[in-house]
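The structure is given below, and queries will be raised subsequently.
Letters A, B, C and D mark the chains as written, and numbering starts fresh at 1 in each.
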Amino acid sequence: MPSLVDLLSSARVYDLGQPYFTGMPHHPSHPPFLYSLIKEHGEYVGPAGGCSASDSIAMGSHVGTHIDALCHFSCGGKLHGGDDVAGLQSYGGGVGRHSIDTVAPILRRGVLLDIAGTAALDALPEDFEIAPAHLEAAERAAGVEIRAGDVVLLRTGWGSYFREPRKFISQVHGPGPRLAGAEWLSARGIFAAGSDTVAFERVPDPAMPVHVHLLVERGIHIMECLNLEELAKTAAREFLFVALPLKLQGATGSPIRPIAVA
Amino acid sequence: MPSLVDLLSSARVYDLGQPYFTGMPHHPSHPPFLYSLIKEHGEYVGPAGGCSASDSIAMGSHVGTHIDALCHFSCGGKLHGGDDVAGLQSYGGGVGRHSIDTVAPILRRGVLLDIAGTAALDALPEDFEIAPAHLEAAERAAGVEIRAGDVVLLRTGWGSYFREPRKFISQVHGPGPRLAGAEWLSARGIFAAGSDTVAFERVPDPAMPVHVHLLVERGIHIMECLNLEELAKTAAREFLFVALPLKLQGATGSPIRPIAVA
Amino acid sequence: MPSLVDLLSSARVYDLGQPYFTGMPHHPSHPPFLYSLIKEHGEYVGPAGGCSASDSIAMGSHVGTHIDALCHFSCGGKLHGGDDVAGLQSYGGGVGRHSIDTVAPILRRGVLLDIAGTAALDALPEDFEIAPAHLEAAERAAGVEIRAGDVVLLRTGWGSYFREPRKFISQVHGPGPRLAGAEWLSARGIFAAGSDTVAFERVPDPAMPVHVHLLVERGIHIMECLNLEELAKTAAREFLFVALPLKLQGATGSPIRPIAVA
Amino acid sequence: MPSLVDLLSSARVYDLGQPYFTGMPHHPSHPPFLYSLIKEHGEYVGPAGGCSASDSIAMGSHVGTHIDALCHFSCGGKLHGGDDVAGLQSYGGGVGRHSIDTVAPILRRGVLLDIAGTAALDALPEDFEIAPAHLEAAERAAGVEIRAGDVVLLRTGWGSYFREPRKFISQVHGPGPRLAGAEWLSARGIFAAGSDTVAFERVPDPAMPVHVHLLVERGIHIMECLNLEELAKTAAREFLFVALPLKLQGATGSPIRPIAVA
């Protein structure tokens, strides 16, 4: 174990999380991020001159860099695994199966497929469908092979738009895979898939087939709003991926700050 | 790097985070955790039968398992490093120095000092002061030596009270170090200190000397409401400690789900 | 003035507000209502046995019974009155013109147009357009004449669905006026229009012409999610209408609990 | 009834509510007010050029101008009326007796007792106890007689500090009645008492005897953070008082925007 610490001390850590701030982009069907100090330094000064400031936040669980629990979607009234969702959900308690607090800390092999880079684009256009051919080209370019249990991250280049909320959300038009791309990924038995866009899906598509396929049919987690810009500039295409979802009881997702260690 | 993934596959991961749920314990000066589904499965059914549920949360940034940014406290109008806090804070924007979004992902050597276990107690009584002698005894019992840069976790046994909010908060009476204990820790040059209590401090103490000493004077982070019960039952007293604070811009703290890898 | 108090003591007050509760209906583009106690009775007992409980809420400003500020909508980049909205809005500060805190307490003549009752229906079907002919029939049935400055309330009967969130929201299909109905109302110079539905508009209609016409073009406030059931069962069709919007600085709307005094 | 509308058209309405804004004063044991736009004008433009902005808020139910439900306090484990609070409260559902949603719209005779004005002070000092003699002097100066069912408002002058949060909260030191003053009020059988301070009580006093006496023992509501400045400058000392608490199910209080009509 000390060796783990030693190993890490010579490793490089890439931060894949976007910041949270008032006015940050959020998908219109999820509550935005709210922030305020609740107490400023100097409001209550202790007997020895010490004092504290603290703050409060409010947000949807799918806002900013986050991970979807498998219970985020259902199909035909069934959750992943086949349970009827009826009777398994309540406003106050959330969803009773496959909620985010049931997800163990994630430490897995990660692979970056730089779709934009492979296409020699800074960023994919908003109507770009990431098809199996693009995934294969990026895998080839990366010189790695996706394996069962991996976390696969698709870079579209949209992470660089994050400080421009309107461009990033783009009225929820954006590049991503359709069903064929999702099936290419699920055929490899991966644990989770992620992207730097607000939706891991070519949107708009009211049927949300990628979410249904990955979450409900195949039990594969989805991560969105990753920041893959810094990582893509390096040669690292395989790495240790770490994400630690908050144990929000019954919740359909959680904010995360994932990292790549290479 | 693949070796890191390989090494981890044979390692054991201990979850040090407590769950978040409506009614969970919270220090009375911090806003509580609120949760609600905002959409149930079945409310909006897509064209192919797919549908989603999602949720919203609200909370203080020092509620549940969390880490304090150095800017959480000041003393005599100065932040850690000596900057005047005046002019560096606003309700909407938080604190302009040493906020939690400036903290890099934490992957460091961790050490568990089981104060309760060393004292042969299930849990320390609420008026127990963790003095230097207790820290030394626990370090000796652990058979490890604290080093500069470490994350040091003190177990009081109160983590097992977390599902009993009144007992856990205990009108904010609880065991912890006073200044002497904090100085023992800071003298070792540690990066962060944590405990399984609501306050890393023998409380009540309106001057909060431990917070002032560690955060302001010495630049040492504090983590609270950890769950150290499972880890303490093992022999692991040194381990890889990982925590990934959310990049809440300007914030004085962040919820986290830390892990120990041993 | 004493006479006002005296007059009121013999008047009857009708409560037009719906309750707020976790799981209550909310339009999907607005954050839901969250509620939690933050402290239970008994957690902190004072020296003489007294103790308090308190709570916290989070919500969109257009959730439940509420009123729209004129700045809720714009058209072609212009707010009501013609100001460019560009430069007049920020996430933290809201909208700088016609926000809800600029609206004086509302004490005005109110008129109930019972569209459902006039059509001899318990509730209008979800695709029902309230056309000028329906407004005229209801006005005739009420035996009143709408005057400039009035508050006009349209009853569809949907207020009785409020405890059934899915039925009430109905995937945001619902009865209401289209532009012709809105113009019939605005031609009378009214101050505000309201209904017992989630949207004062025949929805879905992505152009939201009724909102644009009333709020932006004519400066007429809109109120939604009223409970008109009890009032409709009486003979009162004209009354004193009172609503007191919270002075939420910069906000585009406010929850209210309006009353009719007859 | 038309006469009510007519009467009101010649009456003057005084706004007794303070604004809500990020950074506004809040008692440290209650969650602060948070605000953010969730969508700006221009983010989603409809087919005819119309678009909307909307917002979200989060707050404690005792923040800003608000009214206490009788269930806000208990004593010896009993609520007003004698019910055991045990078994009558839950985090998600609030308190099951005397919650704010059970309070009818308030339209009652109001009386202003200008304690500061009677003492020829702009504002009472922070350690000022409002004793029965002060109440009597102010009643005499007002030339009115308090009657059963009235709403009695005490002006300390602190309403003018509201834009200076630290001065207004003052580390929760502030003027107000102690038990003797509260008993003077309750002996008159009033419906509610209010003030322009953060606590209707001479604070600090950990026993909170005024809250216990009025809310629990006598069933008299308390209102805090009123703005009485404009009203006090007029000659109106008796008036129609109107407040319309939101029907927050199970809640211990509600924000309000009260008015005086004179």
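Throughout what follows, contacts are C-beta pairs under 8 Å (C-beta built on N, C-alpha and C of every residue); 3 or more make two chains touch, one makes a residue touch a chain.
Quantities reported herein were computed from a predicted structural model and do not represent experimental measurements.
Novice: Going only through chains that touch each other, how many steps at minimum separate chain B from chain C?
Specialist: Minimum number of steps from chain B to chain C: 1.
Novice: Farthest chain from chain D, comparing Cα centres?
Specialist: Greatest centre separation from chain D goes to chain A.
Novice: Please determine the option from A-D, C-D or A-C whose contacts repeat those of B-C, over half of the contact pairs being identical by residue number.
Specialist: Checking each pair in A-D, C-D or A-C, only one repeats B-C, namely A-D.
Novice: For chain A versus chain C, which are copies of one sequence, does the interface use mostly the same residue numbers on each side, meaning over half shared, or is it different?
Specialist: Here the answer is same, because the shared fraction of interface numbers exceeds one half.
Novice: For chain A and chain D, let me know how many angstrom lie between their CA-based centres, rounded off.
Specialist: 45
Novice: Measuring centre to centre with CA averages, how many angstrom lie between chain B and chain D?
Specialist: About 38 Å separates the centre of chain B from that of chain D.
Novice: Averaging over Cα atoms per chain, report the distance between chain A and chain B in Å.
Specialist: Each chain reduced to its C-alpha mean, chain A and chain B end up 24 Å apart.
Novice: Please set out, as single numbers or ranges, the residues of chain B touching at least two other chains.
Specialist: 22-23, 28-29, 31-32, 34-40, 42, 56, 58, 60, 90-92
Novice: Report the topology of the inter-chain touch graph, choosing from line, ring, star, complete and other.
Specialist: If you draw each chain as a dot and join those that touch, every dot ends up joined to every other.
Novice: What residues of chain C sit close enough to touch chain A in their complex?
Specialist: On the chain C side, the touching residues are 22-23, 28-29, 31-32, 58, 60, 90-92.
Novice: Once bound in the complex, which stretches of chain B touch chain A?
Specialist: Touch list, chain B to chain A: 1-5, 7-8, 11, 13, 15, 17-22, 29-31, 34-42, 46-62, 71-77, 79, 85-86, 89-92, 94-95, 101, 104-105, 107-109, 206-209, 211-212, 216, 236, 238-240, 242-253, 255-259, 261-262.
Novice: Per the contact definition, I'd like the list of chain A residues that touch chain D in the complex.
Specialist: 22-23, 26, 28, 31-40, 42-44, 56, 58, 92, 165-166, 169, 171
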